[in-house]
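Given below, in the form of structure tokens, are the structures.
Consider the two complexes below, in which chain A is the common component and chain B and chain C are the respective partners.
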Partner chain A sequence: MVLAVITVINALVMSSMYILVALGFAFLFSIMGTLNFAHGVIYMVSGYICYQFAVGYGLNQWVSLLLSVIIVGAFGLFLEKYCFRPFFGDLNRTIVVCIAIILILETTVNITVGTQVRSLPAFVPGVLRAGIVSISAEKLITFIIGGVLLAAIIWFIRNTKAGQQMQAISQNLKGAVLQGISIHRISALACVLACGLAAVAGCLMGAILSLSPFMGGHMLLKALELVILGGIGSIGGIFFAGLLIGTLDATLPLFISGAASEAVALGVIVAVLLFRPQGLFGLEVEM
Partner chain B sequence: MIEKRLSVRGGRKLIEPATYAGVIIFLCLVPLFIKSPYYLHIFILVFIYIIASASLRTITISGQFPLAHAAFMGVGGYTSAVLAKELGWSLFLTIPLGALMAMGIGILIGYPFARLRSLYYALGSLFFGIGMVQVFLVFNKWTCAYQGLTGMPPLFASVSKVPYYYFFLGLTLLCLLALHRFEFCRIGTSLKAINQSYMAASSVGINEAWYRILAVGVGCFFVGLAGATYAHYNLALSYTSFDMLATLWIVLYVLIGGIDSFAGPIIGTAILVLLPEFARELKAFVPYVSAGMLLIVVFVMPKGLVSLPGLIKSRLSERKRGKRIAHVSGN
Partner chain C sequence: MVKKLLLIPLVLLLVSSLIAIGCPKPPETTEPTQPTQTTEPPEQTPEVKTLTVGVLICLTGWFSTFDTLEWEEAQVARDMLNERGGITINGQKYLIELTVEDCKSNNDGVIAAATKLVYDKDVKFIVGPAAFFSAASNQITEPNQILHVSAFTSMIPEEFGPDTPYTFLAHNSTVEHAIVGITALKEVFPQVKTVDFVTAEAGGSVPYADPPIRELLEENGYSVVGGTHVYPDEMADYSPLAAKLATSGSDGVFWGNGLPEHVGKALKSLRELGNNKPVVFMSSASPEDVKNIAGEAASTYFATTGISLGMPDTPPIMAEMQDRLVEKYGKERSVHLQIVNAIWCLAQAIEYAQSLDPTVVRDAWENLDTMETPYGTGHISGLETYGIRHAISHPEPYQLLDNGEAKFGGWVDVRVP
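This part shows the complex of A and B:
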């Protein structure tokens, strides 16, 4: 019984972690159609920037998070203009550029900071207990922030003018241009938001898990899984996909080994992809 | 394209075969000059990855973009190594079995995947590749994936790398010949037809699904062969050589070299593997060199390194004639 409750809490926490990381990636993929493979390293670098401000310069945790978001968001502007805009629609060359960015950023972190694993001090220290189960306040805050950001993004896309312009672009690019929507400005905004979301995820996760130059790869994979399962063109689908993957990742290792549970989770995703390529909630796509 | 390709002068026809013969002769003579086993090892790696990237490109002809290639290399490698180590079968049996196992798995998943269009096929195969690596870890009892598989019999009972060098040179040439024949015979033409317009191809009677599965099977066979021979050369297999990053590197070799031409993967592999070796003194800064190379190619040469001679020629003739030639950028 206790195990069941702990597993449910674990599943919810893992789901929120994955959703938080996947938000920025899904945003860019659904709106711009760009597979941002560099999402993992951006997530990693923002964690390190926050570490530098919080531990190196001794600023407040939350201020460091804000600074990290601002810096990484500005980097998103540069990323969009020079790396994504020239290769809009060309997946091959986007992959090449993203791998180049991954190499450059990972090597920079390796050289300047070093490869030993560090850990960000917790944003909200302490552990909450309710009877027999306990959860660290850190994970609870991540859960809450993840949910709030998801809702905020969905509200932004549905209710603000810029969000609706993004929807228009993703539905029909030429039609949007004919309506006078500035593609460059909107896609720059989307990239800044996506990088900012990655930054928030990186800082929060840096406190829960530890910081290492290679932590981006695993999370990029989870983000990809969530986006494919949730569906292209749907941000809300991330929510249900995140719940599914988080539950699988929390419950399966209890019965089979870690690697086997990863294999099963991937098998589920491949199966969904085969029978419903547009994901659970994606827009209809012609086969 | 408005470049002048109308007149092929007589001497031109001999340039290509002469270049290839020259390169092959040069490669045969390399071990006479380079005695260091480390550099021979680098050459052998280049040969193995040339087979892998050329077979990836063969699958790409049909319009599918598989992102699981290194995992199939692992299938071939682990199958051959485990069979030879645990059951003691001869290498003449296990290496082809490794290649056939990779081909079998490729066909098995190629069948349901054949219905997916480009992007979804790519993502689906990406996940399948990662899942395959997890399966290697699940069967840890046989594959010793976590600590590294050792103890498989070597190809040659010699300490020196020279026999391995010639073996892999010969194997690579044979595989490239086979893939070249495959691409330029009727089957290859049908694959290109499917890539350009599957509806028109189907209307002429080309069974799209059958040809796509065939392309995947052939590509996976050769990469499985590369993996199996690599296992018995390296005598140690680690699952990190077959994960998503390894697949992405093989894809990079093909993209940087040029996906549209047969020589593309060969040049791409050679440059991207040898470049970090030449820059080895920089130690920690070596990835910057690779990243720089990637950025230069992707911005300046969209069609890959094979297009470089053509680009230089057209720039020079632009200057000579003083007119601007419109570059029609195709796909």
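This part shows the complex of A and C:
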């Protein structure tokens, strides 16, 4: 019973973070057609920036998180303008640019900070106990923040003009342009949002899982899994895929040792895609 | 135009943030340091030569979190050896020069690095790598009769054993660490009778490492609960593993091969579940390393076989190395001294053999019974344990984390048959 409750909590926390990161990744793919393979490394850098403000300069940890989000969000503007926009619609060149960004950021962190693993202090220290079950306050707050941000993003997309313009671009680029929507402005906004969400996840997970220059690879893989399994262009799909993958990641290691649990999780995803190649909620495209 | 100008400070902000998050390290060098001069400058002796030793270390990839420190330590060891006069062979002085190749934290990278050292750089002596990577490097070193001094074995036969006659093991490894870990378990947590056994996959070493460790535990009166908990080397989230450990019903956890970050994350998750069962980690991890990751609140009921600064009875060579490392890199840096052992022992073996021929050095090394290591006197053995008498077992300390404080436990003079 205790194990089951702990596993549910673990699954929810991991799912919320996976979804936050994957949403940003999906924004860029839906709107700009950009597979931003540098998304994981942006997640990593955010954690380190927060660490430096909080531990290096002794700033309040929440302020550090906010500063990290602002800086990385601003970096999103730069990315869109100088790294993605010039290669709009050119997948090959965009991938090369992303690889360059990964190498530059990873190496910069490697050289300046070193490869030694660090851990952000807990945003909310302490352990909450309810009967025989304990949960760290940090995990609880991470889950709450993740949930609130998800709700805010969904509200933003559905109820604001910019959000609706994002939907329009992702559904029909030419039609959106003919309606007078500024692709570049919306792409820039999507890039800022994507980087901002990755930054929040990077800071929060830096406290839960610790920081290393190579932590981004794992999260990038998860983002890819979510976007493909959920169905490209579907926020609902990402949500359900996040819950599914988070649950698999929290449950399978209980029964299967070693990397085999990861292989089984990927096997489940492949099996789902065999029956629904467009993902859980994606639209089938006639070729 | 104005927007473009606005973007410039934003980019500068990100770049400066990245630079600000760490202080640049001093440049690394592979140049040998001349021995310190105390009186008048020595005569220019043209006959002073350089002996190039290849170093296999993972400078990038997941294992670099451990190995980049090893490279810094290796350079300090080289400086210390050179300041002591280097190696003298038949009256000819040699200063040690290290040439490093990045193993990239995977077997392909190890093979590429070893190939470059052997075929391009023509080295005859190689130290490293650590972890389970020697199985890969041996594919290059053994057929080419390169004297290879490994820093660790995770018990895979291809890493170290009867089929690797040119490989020596210079640092305590899986079995030796287990002996220290069991001593810590007995001394510090006498109430523990049943344990969970946890280990990293460590390149597929579990089928080889699991039986001897279980045997050692059982010989010492411990029963292992259930099967071995094996986790991937690059696992990110240790919450599921911690949930399993918290509900297994064992008295304690005996953690085999792994990195400080692995056990640090798991310890944090375990304590967050309100579980305070003792955890003993049998690997080279200082308590400070684990505490930095687990956090102060979770750092309790924990023992590890790693070393720290300022331990009681620290051997003089280790103390000098620690002082130099602190001077060069600051106090925050942790110390492992695995590759260092390999360099230190190799220098002694070459000098003892009075030859630069790897086969002659190997044969001479096989005639030795003891060697000095930074950990103290090491004993050459391993015929029963590894199938080849090429291992050096040496004293090793265990240390504790108790209510967020690192405490010294004791030294164990490890010897394997």
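General observations
By definition in this document, the second predicted complex is superposed on the first by the 286 of 287 C-alpha atoms of A that agree within 3 Å, B and C clash if a C-alpha of one lies under 4 Å from a C-alpha of the other, contacts with A are read in each partner's own complex, and residues count from 1 in each chain.
Going forward, a contact is a pair of C-beta atoms (placed from the backbone, for glycine too) under 8 Å apart; a residue touches a chain by one contact, two chains touch by 3 or more.
Since this is a predicted model, take the numbers as computed values, not measurements.
Partners chain B and chain C, brought together by superposition on chain A, clash. Counting the residues of chain A touched by each of chain B and chain C gives the higher count for C.
By the touch criterion defined above, A:V270 lies against chain B but remains apart from chain C after alignment on the C-alpha atoms of chain A. In the superposition on chain A, A:R129 makes contact with chain C only, while chain B stays out of contact range.
By the touch criterion stated above, A:R185 is placed in contact with neither chain B nor chain C.
In the superposed pair of complexes, A:V109 makes contact with chain C only, with no contact to chain B.
Of the two partner chains, both chain B and chain C are touched by A:S257. Once chain A of one complex is fitted onto chain A of the other, the partner contacts of A:R158 are absent, as it touches neither chain B nor chain C. Comparing which residues of chain A touch chain B with which touch chain C, the overlap comprises 110-111, 257, 259, 262. Within the complex formed with chain C, the residues of chain A that make contact are 2-3, 6-7, 10, 13-14, 45, 48-49, 51-52, 56, 71-72, 74-75, 77-78, 81-82, 105, 108-119, 121-122, 125, 127, 129, 134-136, 138-139, 209-210, 212, 214-215, 218, 249-254, 257-259, 261-262.
Only residues 86-87, 91-93, 95-97, 99-101, 103-104, 106-107, 110-111, 217, 221, 224-225, 228, 257, 259-260, 262-263, 266-267, 269-270, 273-274, 277, 285-287 of chain A touch chain B when the two sit together in their complex.
Contact residues on chain B toward chain A in their complex (touch as defined above): 65, 112-113, 115-117, 119-120, 122-124, 126-128, 130-131, 134-135, 137-138, 140, 244-245, 248, 251-252, 255-256, 259, 284-285, 287-288, 290-292, 294-295, 297-299, 302. Residues 7, 10-11, 13-14, 17-25, 60-62, 64-65, 68-69, 201, 206, 227-232, 234, 236-237, 239-241, 243-244, 246-247, 260-261, 264-265, 268, 271-274, 292-295, 297, 333-334 of chain C touch chain A in their complex.
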